[in-house]
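Dropping the structure in here first, questions after.
Chain naming follows the written order as A, B, C and D, and within any one chain the residues start at number 1.
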Amino acid sequence: MRTKRTVGVYLRYILYGLLAVSLAAYAIYFTQNPNVNDLNRFLINAILGLSIFVTLNTGLLSLANAGFMAIGAYSSAILVAKVGLPLFLSLPLAMLICGIVGLLIGLPVLRLTDVYLAISTLGFGEIVRVIIVTTPDLTGGATGANLSTGFPFERMRQTETWMLVLFLAFLIYLFYWLDRSKTGRALRAIRQNSGAAATMGINVVYYRNLAFVMSAVIAGAAGVFYAHQIGSIDNNDFRFSKAVDILSYGVLGGTTHWFGPILGAGLLTVLPVSLREVFGTSVAFFTQLPVIINGLALLLVVIFLPGGLFQPSRYRHKEMPINEAEIADDVAVSKESPPLVEGEAVGPPADALPLLELHDVTRTFGGITAVDNISFGIPQGIICGLIGPNGSGKTTLLNLITGIYHPNRGRILLSGRDITGLPPHLIAKLGIGRTYQNIRLFNDMTVLENVVVGHHARIKTNLFTTWLRLPQERRQEALARQEALGLLKRLGLLGFASQPASKLSYGDQRRVEIARALALHPALLLLDEPAAGMNDVETALLAEFILTLKRQGYTVVVIEHHIDLIMQVSNEIIVLNFGKKIAQDVPVEVQQNAQVVEAYFGQE
Amino acid sequence: MVDASLLTNPVYLLQNLVDGLARGAVYAVFALGFTLIFGVLDIVNLAHASTFMWCAFAGWVVMSLLNMPLIVGLLASMLFGGLVAVVLEFVAFRPLRQEGAERLSPMISSIGVSIIMVSLAEAAFSAQTKKFPSGVLDPKPLYIGGTDGVRVSWGQLLIVVVSIVLMVALGYLIRRTRTGMAIRAVAYSQRAARLLGINVNRVVVITFFVGGVLAGAAGILIGLLTNNISPSMGSDIELRGLAVVILGGLGNIEGAVVGGLLLGLVETFTIAYFDQGSDYKDAIAFIILFLILLIRPNGLFGRQEANRA
Amino acid sequence: MKKGRVSTRFSFLAVLAMFSMTLLGACGDNTATVPAPTTAVLPTTAAASGATTAASTTAAASGATTAAAGATTAAASGATTAASTTAAASGATTAAGGTSAAASALTGQIKIGAIATLTGNNSPFGIAIKNGFDLAVEELNNNKYLGDATIQLVTLDDKGDKQEGISVMTKLLDQEKVVAVLGPTLSSTALAADPIAQQKGIPVLGTSNTANGITEMGNFVFRDSLPEASVIPGAVAAVSAKLKPKKAAMMYESTNEFTKSADDVFKAELQKNGITLTGNEAYSKGDTDFRTQLNKLKATSPDLLIVSGLIGEAVPIVQQAREVGITQPILGGNGFNTPAIYQQGKEAAEGVIVGSAWFLGSTNPKSQAFVAAYKKKYNTDPDQFSAQAYAGAYLMATAIKNANSTDPKAIRDALASIKNFDSVLGTFSFDANRNPVHNPVVVVVKGGKFELYQ
Amino acid sequence: MLEVANLSVNYGSIEAVRDISFQVPEGKIVTLIGANGAGKTTTLSSISGLLRPGRGKIIFQGQDITRWPTDQIVRAGLAQVAEGRAILSPLTVAENLELGAFVRRDRAAIRQDIDRIYGQFPRLAERRSQLAGSLSGGEQQMLAIGRALMAQPKMLLLDEPSMGLAPIIINQVFEIIRQINEQGTTVLLVEQNANKALKIADYAYVMESGRVTFQGTAEEVRSSTHVVEAFLGKG
């Protein structure tokens, strides 16, 4: 493992070195012979790199980009050459077409997971090519879109370097701000852990589709420029190998930051050009060299530099200085959410309905009944312990409440509202926050960002406010950040705010998870083994904190094996065994309960 | 125009059935090794096609340059395929398996290896198409029911027989032998396999070897059938092979064969019975692939993903 | 640990095997290469008419003075008007501004660019073409074809990629400052890259571009490769005259622009010759089984099977056609014009008819000399691509010689006025649209080799 | 027979097992009991080589097996019945048993052993050609134990054999474990079901939060208040 990391470091040096050398060679070459075409090529590839970046950064391996590039290229070629539109009008139209196709394809295809998604998008690319070949009247068919099929190159050849630079700059602007926005955080969160993202109120399906459509639109734009750079296109320009090239830009350059794919496209475009300039084509082997280097780089990077060449996360964390004045304990992000006021007891109204009610909830997995006909109610403002031997169904129950699983039978009500069958992100929005038995933080994000993700549902911004830099955007982001810092302060985590979550100790990570869940302003907080991995001191502090939450009016359900902790904080304990509820009572009674004792120690 | 009399002609129907099966057998043979690696190791090995291509060249070197008979060529090609696949395992897959990398990383590294292998093949053999020596197969077909009846060529017969033999042999290996049981144990859960005293790494190497041997058999047979050996022959059949593997359910050996035959039949019947059907036959593979993935994400004969540990 | 070593040994073996294969393959290459054509070119006959109209003698062999030659050619090609006259004038100026040599204004090295596909799928064509260029330039320089001047050929690889094609074209023009360009190999690359030469006023001569729309790109774009439209009519006419088929069936590769456009031309020609088309079936590159299409076509009982495909699939198609019982003659597109068709197809290939720009057995003395020289230099038979490339280099050199100038415009004009040039392809002229005019041949496989079809 | 000395195991930054030591004498049943998350399974996984310990030594029959690969440990005679049984559900009962003998090569003896196991577990004999996944929980547990015995282990590691089983079945399973021990196999039993485990064990260790907090003979442990506190708190 260590050698692997060392090799990775050297590999990074080698690749950067290679890039530097080729850039230098390229620069010399360019000053002698300003061949704009090579520059245009790089710029188009950089745009393609960004198109694959959007999906990779959301954790989707889509090979559809060559197909969307084809759609963009042909749409624009037809609009310009046959309909007679000017290029600047055909560009947005072609992008729109790609977006619509992307949506139509994305809706069904994005239900598939990794390998299947990759393969089905690959199939999509091939279908696009078959369609091109079989519609000669529109596209020129196998003969391509060129002079002989009615696409005069005078009209086609319109891509200018300034347009590409402008467009790329525009994209970079979009990506720069996207990265810092609610949407950008949501996309990254989904990549790192889509399950946890959903329980933070992020609509995973929506954002996946958004990323896919964005990717389609950008690839389509690249296709438009490609068509108008070449002046003559045919179906063979958009083969599977093109999809692989595009993928290489992302994988090689990096999939965590928008600059990565630009770097990747740069390396893979400039290197062959430099080799051509340095060696010419006199030595036969050199003609294969760029291709071999491409393959080798892909292989080595995947093995030794997972995440790609450019992974700036560790640098990025430094760029967020936090000043004390920013930290406000009692600032709410939006007015409708109650402010969190330290220490003030908000007791439940005596006659209140139970906050959470389960009625005959049953869930089976392939013949095994994990949760068997469970009913209970949890009144507002209490702490409820949930215990039981291994495999008794505790975590399954939590997953049912948070919508990760849906019950086979029974109903789940939150404040009297039926939430059975709702997707996790809606349940999160309705006010149930949770933590996980196996910590599911977004490891590539800072502690602060993790908590800000928790505010997702309450930040009222969208892509327009992000990209137009509306005041609302800045205000909401600042408020979310302030409140997140406030939460961190209360949990004693302020010192870690700008560190990557993965660098924290286990106990601290648990507390970050709690802070993240609290950022939802949940009416109900579900903690799944919050003390696991904590030492005694940390556990005691945790107990204190849970009690503080209760005083502030939160309702908390805790699963825990540290039985002392449960006994100490709970108002009420529910005991499960074999998926059935065997007891629900105050702690002292539970300890005496014969059934409970038997569940734990076996029959005498 | 498809003549109306053809639609009802029983000989034509039978002939297309035979041709469709033979066409499908080609896909099936290619898909076998592909699906084996996925079934056991959960890896979409996109370098399978390049291994296949190199094996065809290995067969060509042995048979054309060294003038060896078919059987030697076949064995050499199979052995060579096995060895190449083992190298792939060490170079492209093992380093990724050891560190719990992302599930898609092996697929990407296999793409990298594949690029290198194709370039090397171009450097070594040039992109020029290579041919096997003629006379390996008798060009005269067999006739069932006289020369107006159904025709089967030796090549078709060979590929169908081989695809079935390979399927049965692979089935036997997987189901009836100790090694096969170990392979299945590893496929189900590497952890459980380890606890049974199985050396998982060795089983993985064996699996790759077997996958490579299958690629070798496919390489030389398809090379022989089309007599068209070139560095791009892998990528030409790769996408179709992938469609077959999906159709049969990734990792399902019988499924791959049935899927291959099915695709062969569907393509054949589309060409045979639809006006201009041949224009659309390529789309068919991918439209089927697309639809199946949407309706049954694990393939037509796929098992439940939940079974995987 | 032990197992580790075993596996390591395995991989070592495999690497060794791959290495030895590479060596074997490399050696094998020289002896076993079968020139396999494919992409882009087709020959013809309709040209015959073109040739007659243009039978204006003059210029071709004339070693006359530049200005005079310029004037004559300009006059000869009625189509070229004011532009060429001025060009001739400017050519003269350059010549005058050159050295004091009495007969020739040409000295030193003259840079000519060549773009060929030397990497990737289509590299076999590019390599054959490069060989043709190299052989021709070597001969031209040895024979002092341009007097004191020698030709320096700068060959760049376009990798079969359009963007790379544009780049290397730009490089040749801007950096290498070539006076003319030969290539690129693929029509698709030519369609992308040639407009650059056109824009900069540098003549470019494609030696293997047969797609539609090539010379339409502009008056600086030439080709010496007969497009399908020129070869196929002759072939169909010849077959029609001899066999008098009533019905014909066709097969073509649908994913390739060359085979697809050939298919369209075939269709049109069949109609002209009053032959009914009974079916037109498609297949794709990499297909292995063509029996279904053939079977379907057989059911239409055609008198003739026409196949527009590349050599990779041509052999199996011919074999499978015979297998399914199509005994009728087969007329192949240009992809069939390679010895591989009979070397691999054996008996099945007997009687296959191919229309072509050139064939190995040509009795043209120029051609025979070329074949001998090529064989000597490369130890293998040339194919049509090498021949056209070789002819292209000679045409370009002749244009420079006739122009007696290295001014691209003068070269263009001289090139455009080449008529009845005695080339490896036969008597060669450019028509008004800078397309080649020469007699294509129709050959037939007989006794395991190509013979003229008569 | 088995000696674990100063073993510590980490998952990332957390220490799941902290400096524990214990011994399993030949021919005995030793049990590790403790609540969920006490580190019992982690300990077992380190012994069988599935996890790499951070510190400490594991000695089996005088050999230091701390860093051996799992298959070698199994070959040395240390078989584990994993938590959740880890039976291979897509394989038949018979195939599962055969795979249990993967480390052996004596075909005839393997056949005999299979027959013996069928004798011991008649339920399995009835279902020999069924897929293991179709068995009930108790049957699966028996299959898992039978399969582990096929390796002819000198010592058997059992991870929560009672988990998810009905009380009657639990009794049967523990009875079988006792029989196996009587036939000469040393047993290390990891259990949450303390009452049952202590009934058949000779010696017991109580684990809490990754540490051994109490040890003694089964009788001593049973009469101590430690166990109750470990499970249900001090109240």
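Rule of thumb we're sticking to: a residue touches a chain if its C-beta (ideal position, glycine included) is under 8 Å from a C-beta of that chain, and two chains touch if they have at least 3 such contacts.
Values in this document were obtained by computation on a predicted structure and should not be read as measured data.
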| item | value |
| --- | --- |
| Chain separated most widely from subunit D, comparing mean CA positions | C |
| Centroid spacing, where centroids are CA-atom means, of subunit B and subunit C in whole angstrom | 37 |
| Length of the line joining the C-alpha centres of subunit C and subunit D, rounded to whole Å | 77 |
| Between subunit A and subunit C, centroid-to-centroid distance (C-alpha), Å | 53 |
| Approximate Å spacing (C-alpha centroids) for the pair subunit A, subunit D | 41 |
| Residues of subunit A touching at least two other chains | 133-134, 284, 288, 291 |
| Subunit B residues counted as touching two or more neighbouring chains | 91, 120, 122-123, 199, 235, 279, 282 |
| Shared-contact residues (touching 2 or more other chains) in subunit C | 119, 254-255 |
| Full enumeration of touching chain pairs | A-B, A-C, A-D, B-C, B-D |
| Contact set on subunit A toward subunit D in their complex | 368, 389-391, 504-506, 529, 532-533, 561-564, 566-567, 578, 587-588, 591, 596-597, 600-604 |
| Subunit C-facing residues of subunit A, complex | 32-38, 41, 129, 133-134, 141-144, 146-149, 153, 157, 229-232, 234-237, 272-273, 276, 280-281, 284, 287-288, 291 |
| Sites on subunit B touched by subunit A in the complex | 44, 91-92, 95-96, 99, 101-105, 107-109, 111-116, 118-120, 122-123, 235, 238-239, 242-243, 246, 250, 279-280, 282-283, 286-287, 289-290, 293-294, 297, 305-306 |
| Interfacial residue positions of subunit B with respect to subunit D in the complex | 178, 181-182, 184-185, 188-189, 191-192, 194-200, 303, 307 |
| Contact set on subunit C toward subunit A in their complex | 118-119, 155-157, 159, 162-164, 166-168, 170-171, 174-175, 188, 191-192, 195, 211-213, 216-217, 254-257, 259-261 |
